Amino acid sequence: MEFYLAILVGLIFAVSTYMMLSRSVIRLVLGVALLGNAVNLLIFTVGRVTREIPPIIPNGFKGMITGIANPLPQALILTAIVIGFALFSFVLVLTYRAYESLGTDNSEEMRIAEPEDVLVSELTY
Amino acid sequence: MADPNLISEAMRTAPTLLGEWNILVPMLGPLVVAAVSVMFRGKDRIQFSLALFGTLIALAGSVSLFFDVLFNGPQSLTMSGWIAPYGIAFTADMVSVIFAFVASLITLLIILYSPADIDKAFVKSGNYTMVLILLVGIHGSFMTGDIFNLYVWFEVILISSFGLLILGGEKIQLDGAVKYAFINLLGTTFFLIAVGLLYGITGTLNFADLYQKVADSDATGSLAILSIMFLFAFGIKSAAFPMYFWLPAAYHTPRITVSAIFGGLLTKVGIYALIRIFSIVFPDGNGAAFEIFTILGALTVLVGGLGSIAQVGLRRMLAYVLISGVGMLMIGIGINTPLAMLATIQYAVHSMLVMTGLYLIAGVIGRMAGSFEISKIGGIVMQYPFVAICYFGLALAVMGLPPFSGLWPKLMMVQAAFMNGDHWLVAVILVGSFLTIGGVGRAGIQMIWRGGDIDTPDGQYEPRGRRLEKHQLNIMMLPIVIIFLLTFLLGIFPEFLIQFANLAAGDLFNTDLYVKNTLGGL
Amino acid sequence: MMENVYLNTATLIAQVLLVSSFILLTIRLIKGPTLSDRILCLDMLVTVGIGFIAIFAIRTQQFAYIDVAIALGLTGFLATIAFARYVMWNGQNQLKIDKKDDKNT
Amino acid sequence: MIVELIISALIICGALLCLIGALGVLRFQDVYVRMHAASKAGTLGAGLLLIAVAVASAELGLITRSLAGVVFLVLTTPVSAHLLARASIIAGVKTCNETEINLLEGKYDKKKQTLASHVEKPVK
Amino acid sequence: MLVAVLSGFILAIFAPTIKRFLGYRAGWVLALLPASIFIYFLSLYDQVMTQRAVFELYEWVPTLGINLSFYLDGISLMFALLISGIGTFIMISSGGYLKGHVNQGRFFAFMLMFMASMLGVVLASNLIAIFFFWEMTSVTSFLLIGFDHLRKAARRAAFQALVVTGLGGLGMLGGFIILGVSVGNFELVEIMQFGTEIKDLDLYFVILVLVLLGAFTKSAQFPFHFWLPNAMEAPTPVSAFLHSATMVKAGVYLLMRMYPILGDTIEWSVILGTFGAFTLLSGTFIAIRQTDLKRMLAYTTMASLGLLVMLIGVGGEGAIEGAVLYLFAHSLFKGGLFTVAGTIDHEAGTRDITKLGGLRSKMPITFFAALIAALSMGGIIPLVGFIAKESMYHALLHGNNYTLILLAVAIIGNAFMFAIGFAVALKPMLGKLGDMPKAAHEAPIMLWIGALVLGICGLAAGFGITYLGSTLIHSAVSSINNENASTELHLWAGINMPLILSLFTMGLGAIIYMNYHRVRIFADDVLNWIGWGPDKGFDQFFAGLLAIAQWVTRNMQNGDLKTYMRYIFIMLALVIWVPMFIYGAFPSIDLTKLVTPTFYEAGILLMAVLGLYAVLVAKSRLTSIVSLGILGFSVALLFMLFGAPDLSFTQFMVETLSVVILALVMTRLKLDKSDRKYGLYAIISAIIATAVGTGMTLLLLRVMQTELDMSLSNYFTKYSAAIAHGHNIVNVILVDFRALDTLGEISVVMTTGIVVLALIRLKPKVDNNKDQNEDNLKGSVK
Amino acid sequence: MRIFTLHMVLALAWAAIAGNFSVLNIIVGFVFGLLAIWMVREQLGAGTYFRKSRRIVSLILLFVYELVHSTFTVALLVLKPKLDFKPGIIAYPLKVKSDVEITLLANLITLTPGTLSIDVSDDKKTLYVHAIDATDPEGIIADIADGFEKKVIEVFE
Amino acid sequence: MNTVILRTIAPALTALMILFSLFVLLRGHNEPGGGFIGGLIAASAMALFGIASGVQAVRRALYFHPVSLTGFGVLMAAASGIPSYVNKVPFLSGIWWKIPLGNGEYFDLSTPMIFDIGVWFVVVGAITAITLTLEEVE
């Protein structure tokens, strides 16, 4: 099963990369969202997958149980999802503010921080 | 209650002593204060006091931890009562505490400078809270002994740096922030990917445990890829070639205190992580990582140096100087000998201090001249000779000229490179240093010595900027003078730092000590 | 997992049906043609998803999953509302919008 | 045994309804008609499946939660359908060619964002 | 000696204060320091003579084995005496020369620091310490040259000096470190014990070149000489100090110091000889074209340095003796001449030799001082310059064919210098009164005292040469050669070949002096015809560097996020693929062992892929967002299928909230253009994307070939319910086992809250389009 | 409402007496409480309480019936090879006044055969309804008016 | 959005969601759920409330500024590590108390639970702050 998940992970990475190579910052944001999914799924896959049995210990049971899904990657992903969501919100709002302020979501037109004339043209002392 | 036998096999049973909490203080102190300051958001009066308080706690914690580590060796505390590698361990060795101390000190200085730079509206929007959170993330990164936990602290740093960067919402900031945000987000994401895959190979997250598991692993090919991926991810964070774009795009856009924090601290955390990971997880580089370090480092030095020559803006120039310094650090890590690590740590401390100082003084200069454009700045030595002296000293420091701190790490780095047989690196370090002289020197000559604007005729001096009020200048100059004195003292009494940096470098090569402290002699 | 033949067969068939529904809805989502159609598909997808979770819970006897279904029932609706809000706003402000690009406007 | 049969029937019916709903969404001509398929077949289908869970799980907490799930579905689905339909109308999403009458046409005032009431024409 | 070196620095700090209290007379007071240092070194004279050297060592950086050690032998003693002695007079004359200048105090400070640095260079005996002080001289001379900083030329000159000497210093550092590491010691005394071993090192040539780079740049050897004449922008006392006794001699000192360590090899003689000879000739040739007194002197200084370098290159006792003598003589006469030039400038208001004339009667003392200095420079008996010349001719005569060529060079060079020396000293004094801006009269004592004393010293040295030769000079030569020299000097050695050559030189010089104007025109024409020189070259070099810098910066940092992203993702692809190829770390997939997915797993995977496809082909951004919802939904279902209810739960919720926020934001955007991209760029993007995607898949598969160590998860499973009282292991990990992660994570979430608020709420009041950078300067204290 | 509160108090009291606050026990308490109130319905004036309860149940039953019915109607349409129905948007004149009633009615309409509420006019007099088969608008209006609207009014009167 | 239907139904749904959120929060230790998920549900509730009834209504309903809630949450989570200090165990160690309810039953209070509630506050506060702020942007 990991094999198929790995292919899906690769596909998501590819699409995410393609999106992030766009001019439109909105597409970049979507690329970020996709990337988050890809990474989460990657960690999930790398923790090896088990079908159906959640890492929840049945009531009254206190010892070691087997056959459950690997809980650690799940916890890590949970953390990563929430962080990813927070950062996603940020870049989204940032994009919005950049759009509002710069009048574009086209990254090619975002040249205020780095205009053409930032370089010294001749020697002076 | 649970079976005592079970508890004794799963948990730490020895009582936790008061002193052991010390390792938490630099992180937890500012966090609690930051949480309080969030609750009092909008009350600008107490924000500054809280920030000062939080930073002082962090500083006090760092200092006390420093001595603890100095006298008693590396310190470790595994959280939540579990034993490492299952719980998250904080482990502090000399490297951590040196970085932690300098970071706290710099933050304190910047906080002291802030009232002269930060508007009320900024304070109400959480400027100081973000600084505190940044400090939390930085200290967390320095102390943690767990690679996923490191990722979390990196995210803490990242989000607070985003906040500081956009505070004010100017067009230029937003533009810079867009570039900064996406590239840095990718950096941490790649880090997370690498962490995930590393877990997939070793099944563990704790540094000390990783040290053993990676060494025992026969998945050398995958580990080689991962080591380079870590290098790549932290390379983005540290602004190494060719992943540094975000830095020149953004560092000149926010308030000067923010530039100073960024310049002084942020890239160094990436460097710290590289040092940590490549001393514990991949101590023998697992392949070609160290060669890549030196190659990228060399390119970074050169590109940074060239960039600093080409800039018309003071802050932009400093950004490139900073990048060049990152290259030096990368080179040091790549050489990977005790001397090189000593040089790296020494350089890191020097660079943290000096870059902060330079950005802060750029703030004074910019305020004075009404612009950060070098061609519009002039006559500083006539208006404020004291400012000129400070700039001059910091510039010398960053160029690596005596009698300031930059000389020594450069010297050690050259020595380490030569001793390691990397003769070409000697050339690169020297050329890089030369380029910095060209950039920083020429900018300084123009800003300090020239009469006024670029068109000012010879001998005519026309002050252009607004005169700073005296108390404002005093607020701004105090931290700068402290940094100036520190870099001067480190220039003439380098041994003061070198002895500690040497211990730190020793710690980095004495991995067993770290492992033993973290895993409790397992 | 389950000893009962009827139930086993039923869940199996149901899963086939639901997965088919997913795919059909996805096809409609890709085809569009308007944004509203796509949103509708997403909304329906969530509804079918709730059913899917229910079947899954029955099949695996892991009833813990039911809470996920409930949450989905509560919040899937929120996404639709947000999108609807966007569509409506877009309709109200179609002043500068290039129709070639976005068919729904 | 009977319980299992009931569950099986519920499951099959629910899943079938979901499929029909999906098919309707795929087949129908415009978004408004598709909404009929989605809101009715979908809700009943998913509802039946949740009821199946309620029946299958002998635990009271689960029963109540499953039924609560049904209630939530019934509460939310019409609202989202209403909002989406309304938004589509405002956004100018055309009804299909087969549409017999459209009394909403021209009732929305986009500037004032108001919807006028329908005035009955004099009795035929 | 430590005190002697440091006192200069410490006094420098207080110099401005002292000046504030005493005014220009502070010069007298401050001169007491170099004077007492001079006396101090004189007092060590006997000790040096008897013990050959005095050594002092302080621990400095013990970790690195670097000491602050001082070593006083003949050569360093001679330099120390010259520095402090001449320093004394320069301090005095600075007092007068800059009388009334607002920044005189600063000037004193710089001078003192400079002097102290120079002392450090010549006294230090640890390579690193030498380097430290060496760079200090670069820094302080930079400050001095740029003292008149409001003039662009001064700024440029200072920058040149900094860059050129800085470059040299870096080279020297490299050389020193290679040397020190190769022999395992940085202490000069120890290194000198190594003898020929060093010359046999593989890296000998590298060390030599690097150290010579340091020496040549400092000593203004061609082609690094250009900074020196430009350094004339400095006030005259600086010129005198820099160009007579000290800074430029640092290079010569270094060569002398290194002579026993690196010298006496073919490489050494050829490089030093060639560069020295070329510098001598070009220096004189350029000097003669000048009309500015100071520039003339500066170029002759360059020539003299060439001469010295040439002699050190030749090596051997005779040549070294000649070099030491010439160095001694030069320090005295050049110091004097510069002071004279400064005095004339100060009194007449010009340094233009074509305008000056007839000052002899107005400034008799100055004239006298000038005359003595010129005589010494011309090498006329009985001045010390004469003996120096004799000595060097003697040495060059007794060498091989190569040294005979150098002899010819030396003769021509000396003849020119003879002419120039007289031109400087006599032209302004003799003839009719020139057309000068100021009515000149004799300068105050502070200005001429230095020149006079130096001149008299030169005279005295000439007469006392026998004594001097058996003591100071002997000692210096011995220490350079690292063996006891057989120095024996006399003012009059009888009529011999060197004397004849000397007379020939003077004759030639006299001819040049008489045809001075014609020669100058000729030199001018030639140099104009060449049209290119290192001075222009410096600008061209920097322009070139700037062009490279611009090119690199523009191409790397073009301001376009898209480009940056492309670099990053190309890097990512390389990071995965290159090592994968190198290590052959491809996954091996056993298709027979693959677990077949159930139909519903396959269906959900298919749905995910369809969702991705929809995202990709979506024409509008909103369609992409909705399609993204499908992917998120599929991933959540996958989590559920593989036993992760918490993840599934969170994923659903986050997906929903993401969509809500996206829709809220999209509502604010008026996106009016299609952002689809076609053509080459899309293809490149697709290639990069494919490389990244497949790379990730392969890497992931490869990683999963290893057996996963489940010990962590097993531990969590074992103790979750038993000790941590929680049955949901994932939750227990989050709030107990790894609660610290969660603490960090909620800090992120909290910060995101305030950051987003700040982002939306805090907007600039006036969105100034013109100069955004200016807006950052608005902050104020309220 | 007053009686409903009493009802809840009784249910909780039962749980307290039993010393068991499980959901099951509270439900049991609720049923017993209902019985108790029914016994004293006249004293409490709880007649309407029961009438209302009955009407609610009746509404729910109608709804379930209509939902199932409507689903099958739609299902038939979906499965029919040819899509030959004539959809349309009709205006339903509202009799109900309050927001809650309107909302309830609109939602019920959505879940019933061939109709889907689109929007309510600002004066709350017209409910625009999309009908999947709008060949007979009057019939649909009459169905709603006699069906759901009547029952809704009853519940809320 | 200004529609009668949504406006009418939203408060009920919001209340239900909050209730569900608390339920998910409190049982997270043993079943799927916990502070994050609970917080996300509650935040969704707030978002819904905001969309339906306007931002001001939510602000009034919350009484505290949502950002203050996040600060409180972090403080609470961090504070849950403090009893460890007293008990001489490392930071964030789980400590369980049985709080007697007076009738012989006990309420299980634990530091992990306090921690999780802190998480809940943070998530609710931050996301609500974001959605509300976005809602009210001009």
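Which chain is which? They are A, B, C, D, E, F and G, in the order written, and residues in each are numbered from 1.
To be clear about the criterion, contacts are C-beta pairs under 8 Å (C-beta built on N, C-alpha and C of every residue); 3 or more make two chains touch, one makes a residue touch a chain.
Fair warning: this is a prediction, and the values are worked out from it, not measured in the lab.
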Checklist entry - Among all the other chains, which ones are in touch with both chain A and chain D? => result C, G
Item to check | Required minimum of steps from chain B to chain F, each step between chains that touch | outcome: 2
Checklist entry - From the centre of chain D, which chain's CA centre is farthest? => result E
Checklist entry - In terms of CA centroid distance, which chain is the most far removed from chain C? => result E
Checklist outcome for this item: Comparing D-G with C-G, the one with more C-beta contacts is C-G
Next on the checklist: Using Cα averages as centroids, what's the distance between chain B and chain G in whole Å?
Outcome noted: 36
Next on the checklist: Roughly how far is chain C from chain D, centre to centre by C-alpha average, rounded to an integer in Å?
Outcome noted: 12
Checklist outcome for this item: When centres are defined as mean Cα positions, the distance from chain B to chain D in whole Å is 56
Checklist entry - From the C-alpha centre of chain D to that of chain F, how far is it in Å? => result 16
Next on the checklist: Two-or-more-chain contact residues of chain F, please, as numbers and ranges.
Outcome noted: 106-107, 117, 119-120
Checklist entry - Among the residues of chain D, which ones contact at least 2 other chains? => result 21, 23, 35, 43, 72, 75-77, 79, 82-83, 86, 113
Item to check | Contacts with 2+ other chains: residues of chain B | outcome: 31, 34-35, 38, 41, 79-80, 87, 148, 152, 155, 159, 162, 166, 169, 171-172, 178-179, 182, 186, 193, 197, 200, 248-249, 252-253, 309-311, 313, 442, 445-446, 450
Next on the checklist: Following the definition at the start, I'd like every touching pair of chains, please.
Outcome noted: A-B, A-C, A-E, A-G, B-E, B-G, C-D, C-E, C-G, D-F, D-G, E-G, F-G
Item to check | Parts of chain G lying in touch with chain B, wherever the complex brings them together | outcome: 65, 67-68, 70-72, 74-75, 78-79, 81, 84-85, 88-94
Item to check | chain F - residues contacting chain G, complex | outcome: 19, 99-100, 102-103, 106-107, 117, 119-120, 124
Checklist outcome for this item: chain A partner, complex, touching residues on chain E are 152, 155-156, 159, 539, 542-543, 546, 549-550, 553-554, 557-562, 565-566, 569, 572, 589, 594-595, 597, 601-602, 605, 608-609, 612, 615-616, 621, 624-625, 628, 631-632, 635, 638-639, 641-647, 650-651, 654, 657-658, 661-662, 665-666, 668-669, 671, 673, 675, 677, 685-686, 688-690, 692-698, 700-701, 703-704, 708, 710, 712-714, 716-718, 720-722, 727-730, 733-734, 737-738, 741-742, 745, 748-749, 751-752, 755-756, 759-760, 763, 767, 772
Item to check | Parts of chain C lying in touch with chain A, wherever the complex brings them together | outcome: 56, 60, 62, 64-65
Checklist entry - Across the complex, what residues on chain D touch chain C? => result 4-5, 7-9, 11-12, 14-16, 18-19, 21-23, 25-26, 31, 34-35, 38, 42-43, 45-46, 48-50, 52-53, 56-57, 59, 62, 65-66, 68-69, 72-73, 76-77, 79-80, 83-84, 86-88, 90-93, 110, 113
